[in-house]
């Protein structure tokens, strides 16, 4: 039995992680920790949650666990990771702290000196379908961001192919409101969001951009730059990315589909949709799956990619990573 | 031209008032005031609002207006009312400060000593259809609460009749989220409200209860007590109240309908629905109307009553009251 | 392994049943049948469903199953039940066909002569918490309606007690749109439902009324009549019932709570909420649970009761019943 | 007073037109017609509509009007236009029948031989800000599609400039459900749309594509092709288009903004947003306005453009066109 501790259990991602781990046949939750809500139970905060007692982070019984999940704000996550690793525990970090390998880029985008730059090289960027060979025995996994998961899974087979690209790559994405966290803010007020749809931080302004470009660069030297336009959807959860990639030469859709089939056939959590079908949130909500549609129009490949931001985009992929770290079937618990 | 000033213009009610007054052919907005947002414009706060400059309340040019609308928290409203009345201005107060005639009851329900108890006797409780005879020349109008407007307009013809009543009156109401104001809170967070429906402060716990019982008592000595169960709806705006009144003797629906027809025929903003039709938010949203349905089942009269909480339940009724105060047709501006 | 067949698998209830049974460790889906969609797969109809082939009802391999679930319209369900029972199969009927014991009442409310009145006496009314003693070995279970499940679980401990009641009982309920089925209709059109809230068939007009009164009468001779006011909520799923029961004598809430504790302590799917807490959809959505709140105000007990209409109100309770029929722990598969 | 008749008044666009014309100080509604609902009133179909009697189209008193608005399906609209023009009436057609100047293209996209190709040359494509010089005295106005209005207003200043473009132009758009009409369909069922977001007919598959490319071609010879990806939003109304235009040479945002200011300064219904602000539905819902944001990122200009699909995208622009046809200020009635 894998014994797991969760830091920052009182947000939407933490709750989702609790739900998944509670049903997981090979894992137990040893503790749930919260800075601000210690002394309460999770049930005090969520009407459908189990009544797990919340402990303060520093009081969490680290000795009792094998692995910790960090659902903390950036910087706080890295600091807790240092403590957990020093205690010999494995870490799956759901914050952004170990996603960028370059501490200077981290400092630029997160406006904070990295608390543990010495760990950046070791951290595995946990897009499970890509990194699974590195997971068994890994000490530190940087769980990908929600938008990057939807965009990168869709781009990967194309970028890893020899198909020549012309630039830029455009990812037009829309996310449900849980992606913004549970802390009340005007931007997540029901009256502001309902009946609305809005673009924000478009172009090259969102913190998930460097994370995506890092992976893109790993997969294809000299890849075109990425433009990323997030939008806020009036739904609780889910991300749909519609991605436009211009090819540098003529192609046919069947050949491109073959690339995707080769990459994803047999993947339990990635579904390449049949010709003519485009992705929607309904394909994936409340699951750990990613649905990917392909449509070639002239020389532009339009990819549609849907995930549940709280599951494949966060807690689900974290457990998928844990499964791979411990040699379990990745689908265990789902 | 009536010159109007608005205090507390940065909430949902204030914005609605600005929209109505801007279209009003016989009124002008002289100023919009805000404690916290002075120096900005209303357009900085709402993407569809006009760019009216916000002044701090104490800096508002009271001399330039005939009437002020108070969209302030309770207590703050009464304090501003004192200043405005002292300056010879008329006041339409959209807070709860002048709705209860009994200062002790106010202190009990609002947990605050009333700042201006000497004005309570003078204030007109502004359910326009009921109080319009008192409005011309009134100095101070207490605009009714949103829930009370929906419940009281539905109950009034019955309570003012001789039909004998038994047993508690039950008002089961549901409101859109704008009723909770624009200040961010977990209870108005999109993810908490969407896909949800919840009861709160049921029975005799909500502050609108004494306001409703005061009016009920005015209309019928010895009326049964009221039970009031508010619910939070996943919609931006609108209130639907389903009200159960048990009669003490047999009756027939046609006679009861005649009471309502007598009370409301010719009312521009009250629609008594035909037999078999029940009220819904769709009857009234974005209008100043109240739709009332009647269904007699055995000895229980089931009333359904719908309003837009921001219009007939707040800003719209405030302007309707202003119209009556100044001798205009009540429908002016709608 | 229990082998199950599902008739009428292409509605929301059928899909939910497929999802539950697919995760069920002691049951297998042997077939899914559909009158209108035979030849397609379930995945053709729902983007997240498994690709189970749909067969026409008459072509379904009845021999291969132990139990059938009927998610069919009334009358069609009874006709299929006759066939299945004749073949020696157990039947869990999610339609209304076997809920009313009185064929004349059925004919009145469903406007149709009952196709199999000889089975009415045998059918077990499957409110699991109440009927579980009758389930092992039962051939025919009438799965309760969604509204009745929410109302009856809340009323049962009170009705089965000696606490004297004065009438009537008022159940003010609100349901998500999936309760109306998947067939397109103006009343379930997104634009008509979103931002709206409406009452319909209030008083004594809804088909679930006789079903509820039948159970109430079983539990308390001479119980007061029921008034039932359903409302349509702009949410996909969930039912919240706010129920008002007037007591004939003074009582205290602690004594009433003791009745509910005695009735439901240890129940895996019924949660009696602590004092001061009222039920909401968020307590139960996507679960097989029923959350019940109690608030005594004067002599009126206000019960709030929430379920997921598709799970505890339909497919979940059906599987809970199947579990009990076959001697499994009722929680198996959840 | 302009006397107006409305054909096809029972859809969402027709209702919106009725609302606008009822408030219009210089227009009267002479009749509302419906093929399927003749004999009813509009109030029978919409709970907040006025009780205007619906006549069958052939029975409509054409003699009594100056102008007719056609809210009919394509082909039916052209046939009615022929009748109205023969009677000497002006026509504002809200269908697609007169938008494409090429009858062959119409036949291809609408799968129907054009009923009145001889009128195509005369019809004014009614994007008011562009065509207003042609409107006084026009007999036949083809009101633009909703998506095209949002996309074309955003593209026009750039396309009419000398700024060189590289291709393709990508318009990623999202629309509320009222754009799909009021006829019930699974794709507009509340449960299918709520909590969902989906792409459909992406690339070069939607009927609004040729309409947009026709205008683009008029404004810029040799313009790049358009890719258009519509999405369905879980909101009743509103369109947001995020548009990517790659420039063929470096540019700076200030120069591009100057183009937009020159094009739209003084326009009552077009708002070019300040630097850093992107468009949202909240900028425009329930208004006749279009809000346009500009963000230059490298050589890609990202335009965000929002309209209310039922108003600026349909009924509102139709009245704006009528105003211009009759020499009224375009803002009359808004």
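Just so it is clear, A, B, C and D label the chains in written order, and each chain counts residues from 1 on its own.
By our rule, a residue touches a chain if its C-beta (ideal position, glycine included) is under 8 Å from a C-beta of that chain, and two chains touch if they have at least 3 such contacts.
Because the structure is a prediction, the values reported are computed rather than measured.
J.: Using the touch definition from the top, how many steps at minimum link chain A to chain C?
T.: So the least number of steps between the two chains is 1.
J.: Measuring between mean CA coordinates, which chain is farthest from chain D?
T.: C
J.: Contact counts by the stated rule: is the higher one at C-D or A-D?
T.: Pair with more contacting C-beta pairs, C-D versus A-D: A-D.
J.: Cα centroid separation between chain A and chain D, in whole Å?
T.: Taking the mean C-alpha position of each chain, the two centres sit 39 Å apart.
J.: Quick one: chain B and chain D, Cα centre-to-centre, how many Å?
T.: 38
J.: Just the number, please: Cα centre separation of chain C and chain D in whole Å.
T.: About 46 Å separates the centre of chain C from that of chain D.
J.: Give me the residues of chain D that touch two or more other chains.
T.: Counting only residues that touch two or more other chains, chain D contributes 192, 194-195, 234-237, 280, 282, 285.
J.: For the complex, which residues does chain B have touching chain D?
T.: Of all residues in chain B, those touching chain D are 46-48, 194-195, 280, 282-287, 291.
J.: Along chain C, where are the residues that touch chain B in the complex?
T.: Within the complex, chain C touches chain B at residues 166, 168, 170, 172, 174, 192, 194-200, 202-204, 225, 227, 229, 231, 233-238, 240, 242, 244, 246, 278-282, 285, 293, 295, 297-298, 300, 302, 304.
J.: So in the complex, which bits of chain A are touching chain B?
T.: 12, 176-178, 182, 184-186, 188-195, 234-237
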